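Two complexes are shown next, each including chain A; its partner changes from chain B in the first to chain C in the second.
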Partner chain A sequence: VAPEPTNTVEEPLDLIRLSLDERIYVKMRNDRELRGRLHAYDQHLNMILGDVEETVTTVEIDEETYEELYKSTKRNIPMLFVRGDGVVLVAPPLRVG
Partner chain B sequence: MAVANLLLRTIAENSMVVLLQGLQGEVTTVDLRNESTARGRVVNVDAFMNVRLEDVLYRDRRGKLTRLQDLFITGRNVRYVHIPDHMDIMKTIQSQLAKIHRVRNFASHGGGRKEYSKKK
Partner chain C sequence: MSLRKQTPSDFLKQIIGRPVVVKLNSGVDYRGVLACLDGYMNIAIEQTEEYVNGQLKNKYGDAFLRGNNDLMGKSTTRKTLTLYSDGFFSFKMFL
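Take a look at the complex of A and B:
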């Protein structure tokens, strides 16, 4: 839980360490995405995120036109513990445009 | 039996589960993998993130509410745990780790097995 005080990047998890206290983007399983401030994490990628916005994306298919209609539902949670086995990737927040 | 507890404590202290263990007595919402949610008082969380809740309001994926007196959730089925606003995360983690270290040092008092001692 308490990382050794080192500033060198030695393994992939160290890249996440660089994002501590920064806002990050997390892609999760089941078409979910999180955007929030990373407060803590561990080797399982269990994370504590603050000021989180969760986006759940669903696809509906129009039965007549077979059009794919993408819908997303958002919600905000002040402080969230995320279990690591749902995490697919961690990145800096995506910039639009 | 003592060795099993030592193992569980070591697993817990090396991950963020210790924060969830510090939630004992708090009312929180657990979002499950199956899209349902359970809101209740945390009775216990173990090293594998298995959670026991009491006085639970369980909402299934369709939104149907059920009151449950006692609910056990397997760690694998946890997606999120909502942390109460008033909680100080760092303090909770530190006090949980202090509890683990106190027990470990107590066990090695009087010249017990030194290889598990964390004193550097």
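Take a look at the complex of A and C:
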């Protein structure tokens, strides 16, 4: 796809560029979420995130009651390379805007 | 919306600004206003709401949904783009 001139409608990736050096929220496959500062990205959505909190969410189902128990595990990572093929969604962290 | 013949890129420019639902094959729905779209089907939506079964999260501002970047033709996440157009018709794009 030929790149659009900058005075016409921006591509979605141009709008991600506006989030550089800002904190962002990333939703990944396999029920993972990341919150961190966006240092770099490319067209594959490979990203370098700093000061990251990763949340992994699992669901356990009680065999007797069939109750769904949601568990989330968090960990902090100072600097992280994210491979783009796992990325589903990128957004500013939840805030009114 | 005009039904005259047009190229796909003309169509993509025309649907910008319309309310859309993007349904991922994971079962999650994203509803909002289509901000922009590119040739790889990366999508930017404004005023996005995320629905998993019931309503899960509200995302305000822009949300970027990753398109199909796999050049071997396999879709990383299959998406259905549903457009609601003026009450005359709705149609779905399978991405």
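Please note the rule applied: the second predicted complex is superposed on the first by the 85 of 97 C-alpha atoms of A that agree within 3 Å, B and C clash if a C-alpha of one lies under 4 Å from a C-alpha of the other, contacts with A are read in each partner's own complex, and residues count from 1 in each chain.
We take it that a contact is a pair of C-beta atoms (placed from the backbone, for glycine too) under 8 Å apart; a residue touches a chain by one contact, two chains touch by 3 or more.
Remember, it's a predicted structure, so these values are computed and weren't measured experimentally.
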item	value
Combined model on chain A where chain B meets chain C, clash or fit	fit
Touching partner for A:43 - first (chain B), second (chain C), both, neither	both
First (chain B), second (chain C), both or neither touched by A:16	second
First (chain B), second (chain C), both or neither touched by A:62	neither
Partner chain(s) touched by A:79 [first = chain B, second = chain C, both, neither]	first
Comparison of chain B and chain C by chain A residues contacted	C
Chain B versus chain C as contact partner of A:90, first or second or both or neither	second
Per-pair minimum CA distance [chain C against chain B, superposed on A] in Å	11
Contacts on chain A seen with chain B and repeated with chain C across the two complexes	1, 43-44, 85
Residues of chain B touching chain A in the complex	13-20, 33, 49, 75-76, 78-85, 87, 89, 93, 97
In the complex, chain A residues that touch chain B	1-2, 39-44, 46-48, 77-83, 85-86
Footprint of chain C on chain A - complex, ascending	1, 9-13, 15-16, 25, 29, 43-45, 84-85, 87-92, 94-97
Touching residues (chain side chain C, partner chain A) in the complex	13, 16, 24, 26, 30, 35-40, 42-44, 48, 57-67, 69-70, 76-77
